[in-house]
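The two complexes that follow have chain A in common; it is paired with chain B in the first and with chain C in the second.
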Partner chain A sequence: MNASDGLDYAATQLARASLDHCVKCTICETHCPVSAVTDKFTGPKYVGPQAERFRHGESVDHSLDYCSSCGACTLACPQGVKIAELNGQARAVMKSDHMPLRDQLISQTTLMGMAMTPVAPVANAALSIKPLRTVIEKVMGIHRDAPMPKANTQTLAGWLKKRPKPTAKATRGTLVFFHGCAGGYFEVETSKKSIEVLEHLGYEVLVPKQGCCGLAEQSNGLFDGATAKVLKLCDELRSAGRDLTIISSSGSCTGMLKHEAHLIMGVDDARLADVGTRIRDIMEFLLELYEAGELPTDFKPIELTAVYHAPCQLKSQGMGQPALEILKLIPGVQAVESEVACCGIAGTYGLKKEKYEIAQAVGKPLFDKVKRVNPEFAMCDTETCRWQIRKGSGAKVEHPVFLVHQAYGLS
Partner chain B sequence: MKTLSADVVVVGGGSTGVGVVRDVAMRGYSAILVDRADLAQGTTGRYHGLLHSGGRYVVSDPHSATECAEENAIISRINADAVELTGGYFVATQVDDPAWGDDWAKGATDTKVPFEEVSVADVLKAEPRLNPKISRAFAVQDGSVDGWQMVWGAANSAKQYGAQILTYHRVTGITRDGDRVSQVICTDDKTGEEVRISTNFVLNCAAAWGGGIAAMAGCPDVQVVPGAGIMIAMNHRLTNSVVNRLTYPADGDILVPVHTVCIIGTTDQKADDPDRLMIDWGEVQQMMDCGELLVPGFRSARAIHAWAGARPLVKDSRVGAGDTRHMSRGMSIIDHSDRDGLKGLLTIAGGKLTTYRLMAEKVVNAMCAQLNDPRPCRTATEQVPGSESGRNYVITHRLEEREHDRYDDQILCECELMSKGMFTRALADQPKGSFDDLRRQLRLGMGPCQGGFCSMRATGVALQSEHIDIERATGLMRLFLKNRWIGIWPILYGDQVRQTALDNWIFQGTLDVEHLPGPTHEEVV
Partner chain C sequence: MTRVVVIGAGLAGLVASIRLADAGARVALLNKGTGGLQLGQGTVDVLGYAPERVQRPLDALAGFAQAHPGHPYGMLDAALVARSLEYLKELLGPGLLTGDPAVNLHLPTAVGSVRPTALVSPSMTAGSCVDGASFVIVGLRRIKDFYPELVAQNLNRTDLPGGGRLTARHVMIDIPARENEVDSSGLTYARALDDPGFRRRFAQGVAAVVGEGETVGLPAVLGLDDHGAWAEIAELIGAPVFEIPLPPPSVPGMRQNRALTARAKAAGVRVVPGSRVTGFRSSAGAVDSVQLATAGGDRDFKADAFLLATGGFESGALSADSYHNLHEAVFDLPLRRPEGHLVHGDYWGDPQPLFTAGVETDDTMLVRHPGGEPVYSNLYAAGGILAGATRWQEKSGEGIAVASAVRAADSILEAATTATTQGAAS
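So, the complex of A and B:
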């Protein structure tokens, strides 16, 4: 697939055929967290199966850019209309001739991580300085109050290089770990704990050198770059060994490999299909082990009641909420389901100055619930959502694998 | 009884009739057009929406091809707001002989139909859903045209020149004074009142119904054979250009993108009665097979509505009586002074929507000749009201309009993005109109839900507007749903079944629409 094919696909093929299934029932509209808080967005049914009939490769309805791509609509649709995918494609086509520099830059997640790690304390300090953020908002269009990742002084690669090699012999075979950009640079602890849990279970964990999945570029309509990135990543993950199960604790990036790159950008490549069928979210993997009777449940009790929020991009993978099932196995843990569709951030959506307020309004019921249930701690599977919930609620928010790690006595 | 008078009475409010009344009025005659129903409710509203490039006829009917090519350019300009310049292709599929393309290209050159041979790769890039097995392709200047919009544009132009347009006026008699026509007698079906129009000249533009009109004036045996063809609208555009099969004109040889849908057509069966056209299931299957040949996967796409139209083909002794496909597509003018010894009556039939203006020009010329009153035709140069800007229709129009008024107006018909404001304005212009009359101007209920959601909203808004009372509201809604259903049941498969089931639950299960208190007599038109 060459540079322009992704957009051509979006302009002409789309997930468009699925619009034929729409019966106007409006269930998607009732699930849309964005149209619930703003009338700037005309709603998923309007923008998707309705407006698409009026498009001819061009999109004149600029309000569709207010779709956050959370995918709650596609998940809710009982008829199988790929609503969010349609919207993502239409947006990519609409923005193709005037892509904002801001959207091109904030989608370069690897670049951000690499640039910030060596100067982590400085970068973190800089991002907490109000006047600087105001300048960034003016110049870049990133809202001054938008949640920003905390840079780490050590990358996952750095930790892997320096840590003592695992001494226990691998009894269960070999897995490949996909950490994603955030899991490599910002949310390094999540990756470390995931690897340690898998090793504790008896697996050898291979972590090949790997780049970005391109999700942020895809959701910003930059299909060429995203396609190149996702295929390069497939090559990297495949280089670790054939037929090995790939595990990730980066929920939304997993979705990119499982379905989004194919459905939204039309990437039709055997490498992607191979990786997409082999990859598992870590909690999904643990639940599969449990259901096969292969997960040790010698969990130490943890007295904790906290909100668990399943991110939109995890739910859109159609695997239910495996983290909830796993957390139930840990004595003392009361995971309270968030029962909201989306935290509002939706990748890079909530960072943008024109959407920041909307994203905060979308997330408010979740922030309120966290404050009510346990203002100190909450759980969520994806990185940017954790930043959003931390910022919105003030709670410490971690991946549910933290509790599994602790319950196995690893921390 | 009401009495009116006019220099000319035009019978029939299809494309030919409105073209004629516009031409007559622009030449300075006083004119009245009567139709038994709404404008463009007959054949003009029941076709596939093609504005011919002429390419279809370059081999089979060269004279028509040239006329189409010339009129295509004129109609695209004078009826700009009704025409979309989609462009079109003639493609040879795996069952068509690519060598026939040489005959076709020679015909196109001879008939001055603009064309260009294009590579299969370029066609597939422009229309990626097209059958990848096509072996040869020519690009032509086909367009699509909204027949209703075109007709209303011409009618409004005629009105600006003083013509009266009387819809739902059914002709019941034509009286003669010696060897001259003297009066047209109508019944106003909305009020039951008789209307007598004194006139010197009657132009019979009733097309497939024209034989009956001529007979009323005592001119028997005018044979306009209804050539029935079915068409099926698919839920969205599978191609954005017109796609024709590169073959001698045959059934199911064209796919036309019009507004939000694309239409596959058509068949050709001799019919006995243009008011009773059946949609045969075998013909539906035939259209699906033809669609599959042009766009693989066509059968699994969603069909939303089917209809049949009656071509008004003047019987030609040169072809067998049952072979309507090869009866002349050209226009025929019957001068009843020669044929029946009656002055002041011309019957016109045949022709095509694309050549509606040219047909009008010819018949009005013939009238002027009979009256010995030559006046020049000006219809080719002046744009109709609504088309003054010269901007053609584009598919994104309504999406862009709703983007701008979405905070200020509601949307009643979601499928076709028709706002409440559009509906209330049209209703105020036509307070006695049925919802189908409004539909033809607004596309109310013409999308995938086929009235499932919009018809009840429209009914509520119409009632609030105080143009109608509660009983008439119920009657109008029931009639609208009934008429939609006529076009749904022949294509009831796949996704449209789910929609129909949901609509049925809403109307029968929740609203119990059959048992709502209705008028003592049901609305019938």
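So, the complex of A and C:
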């Protein structure tokens, strides 16, 4: 489909049809982490299925902009109303004639990684200078205290090029690895460990050159750019092999490929459908192996009690929390479920100056739980959420694959 | 270790999952969304009307079942119901559920009618409608779902089930849970009342309007996570207090739903919310797996036994088309349907026959062809999907759900033990 059709699509159809399934039971309202902490957002039912009846292209309720797109409402709805998707579409239409420059810039995640990596120490230092952040807040609308990624001096591509080629023979076939922008530039360790775990299990892992999934642009309502990006990514991932399973340790980006690009932007393309059904979150993949009796469980004990937080966009994939099941298999590990819908950051939501306080309030119960359970360490599958939880709790926060890696004796 | 897939996370699905997991089964609880327990009132009905008002539900069960052939209580007898409700009381603890299932309490509703129910949240017991009671019903101006005048006036003119009358007066007060918000939900109040500071201010505001010897009726918003909030409020006010359940979001229902879900997870149940079960595979007369339609495509869930706890028409588990063909959503099961027309035109008349349609089981809760043999050797059903009850009219929903869930779980465990013993013997 033509990229610019995305907005027409959002304005006129798809998820709208599901609003007639709404029985006004308010279950979504009780799961919304944003309306729980602020009166600026009237809640998913009011802004979603109810306000949708009054929309004819234009929104009547502008509090819609305060929806963080965490998807807790859709996940909880027993009637199958696509509440979060409705709201994402309506927001894109609402913002289309006055898209803030800030939103156009912060959604360029690959660009940020590419620009920062060569000058990592300088970039990291610059982002820690308070007066500079104040200026950025004034000019750009990015809150001065919002969590920022730490740039690495080495990208994943750089590591892959320099490391010695794996010598063990692949006995289980070939997988494709999708690392996402953050996994390529900022959270490189997660990607490395994921690849090493898969290789340890006996897979050959291909990492084709790949760009961004466009999730940040999608959630900011920039459908043209997001559609172009996600389709380009599909081509790149498909170039590695036609029938191979694709593995990702970027919890949220996986959701973009599995359903969000199609459901929210109406991308109806065979390439996306192909990638979206072949991709597995790495913990989901390990659990599938376990259920099939094919996962070695010779895990070394790790004495650790820590909070595990499943990102909202991982939960919204409707597969439960596979990491919790995998972590149960490692002797000594007590993963304490966060029981929190969202950490607050919701992609780029919590960076914005007008939403920063809300994002912090949304995350507070999670930060408090981390501090209570284990103030040193916590786990979470998505990069931006880890930055938010690190900043909010002070704990080291890593992808659960770190523990699998360690339990297999790889670190 | 036996593997069980439970479909549906309402009261029946949650109770069965916990019982199975506690006994060592590996349980996956699949649910499209949050279960109906959260929409309930924080009470457990066993039998409220038969059709006259019931005072002693357990004693009434046998006669009721006899008068209603094919009713679930025909196979779930009073002893099983009593045992199952004791189990539910243990699971929820005295902070969330109290009472004697042998005796109904009669509690005020949000429109001031007097509703019979068996087990209740302890925050509601002071609202028992007995002769000579003196209530002050206190409304909160910013909660739009509770009209104290309506409640008080209706209570005043009601001849009480046990005989006599009570007196009730009404007061409306304004204590904002969130400044600047004119229309707050009960949930917003409940969250605010988890905070001891707000609780004190709230109690002061209420205490100012309470008269000597009065019992205070408040909308059921007295704390969400802090289950002792209502008792502290009563102490601060210096008078007995009771909660009156509101339309959803129902805070007492949420408390119970959260507690049972947390209990299920603690028991090791793998909870998978947000996706619909859209298909299944079977061989040799048994269900092998169900397919869960997750975001990235169908995922296969294999198990030794399956429990269907998806609810009735209200949840979409059952549907009727315009030709009055009935359909069960997951397994396309044969359904028992009432004789004659499913729906009659008398809106205020007799119960609509449609709602007694549903899945038929044998007394182990194994799904069977109506009047015939089991459909599959390992597919069980519990709760609202069962044929034969008009649950909201009889006020029988929770009693059926809990007893059938316990029975189904025990049958699955027995079948697993038998299989193991036979396996060992051969």
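What we mean here is this: the second predicted complex is superposed on the first by the 408 of 411 C-alpha atoms of A that agree within 3 Å, B and C clash if a C-alpha of one lies under 4 Å from a C-alpha of the other, contacts with A are read in each partner's own complex, and residues count from 1 in each chain.
Operating definition for what follows: contacts are C-beta pairs under 8 Å (C-beta built on N, C-alpha and C of every residue); 3 or more make two chains touch, one makes a residue touch a chain.
Since the structure is predicted, the reported quantities are computational estimates derived from the model, not experimental observations.
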Partner chain in contact with A:297 - chain B first, chain C second, else both or neither: neither
First (chain B), second (chain C), both or neither touched by A:20: first
First (chain B), second (chain C), both or neither touched by A:411: neither
Which superposed partner A:320 touches (first chain B, second chain C, both, neither): second
First (chain B), second (chain C), both or neither touched by A:52: first
Touched partner set for A:29, first chain B, second chain C, both or neither: second
Contacts of A:39 with chain B and chain C, given as first, second, both or neither: both
Chain B versus chain C as contact partner of A:277, first or second or both or neither: second
Which superposed partner A:79 touches (first chain B, second chain C, both, neither): both
Shared chain A contacts, counted only where both chain B and chain C touch the same residue: 25, 39, 79
Of all residues in chain A, those that touch chain C in their complex: 25-27, 29-31, 36, 39, 43, 74-80, 254-255, 258-259, 276-277, 279-280, 288, 291, 315-320, 324-325, 328, 337, 339
Contact footprint of chain A on chain B as seen in their complex: 125, 128-129, 235-237, 240, 260-261, 297, 301-302, 394-400, 402-403, 406-407, 414-415, 417, 447-449, 452-453, 494-495, 498-499, 502
Contact footprint of chain B on chain A as seen in their complex: 8, 12-13, 16-17, 19-25, 39, 42, 45-46, 50-58, 60-63, 79
Chain A partner contacts - residues on chain C that touch it in the complex: 31-36, 38-39, 178, 180-181, 185, 187, 191, 248-249, 254, 262, 265, 268, 270-276, 292-297, 299, 302, 315-316
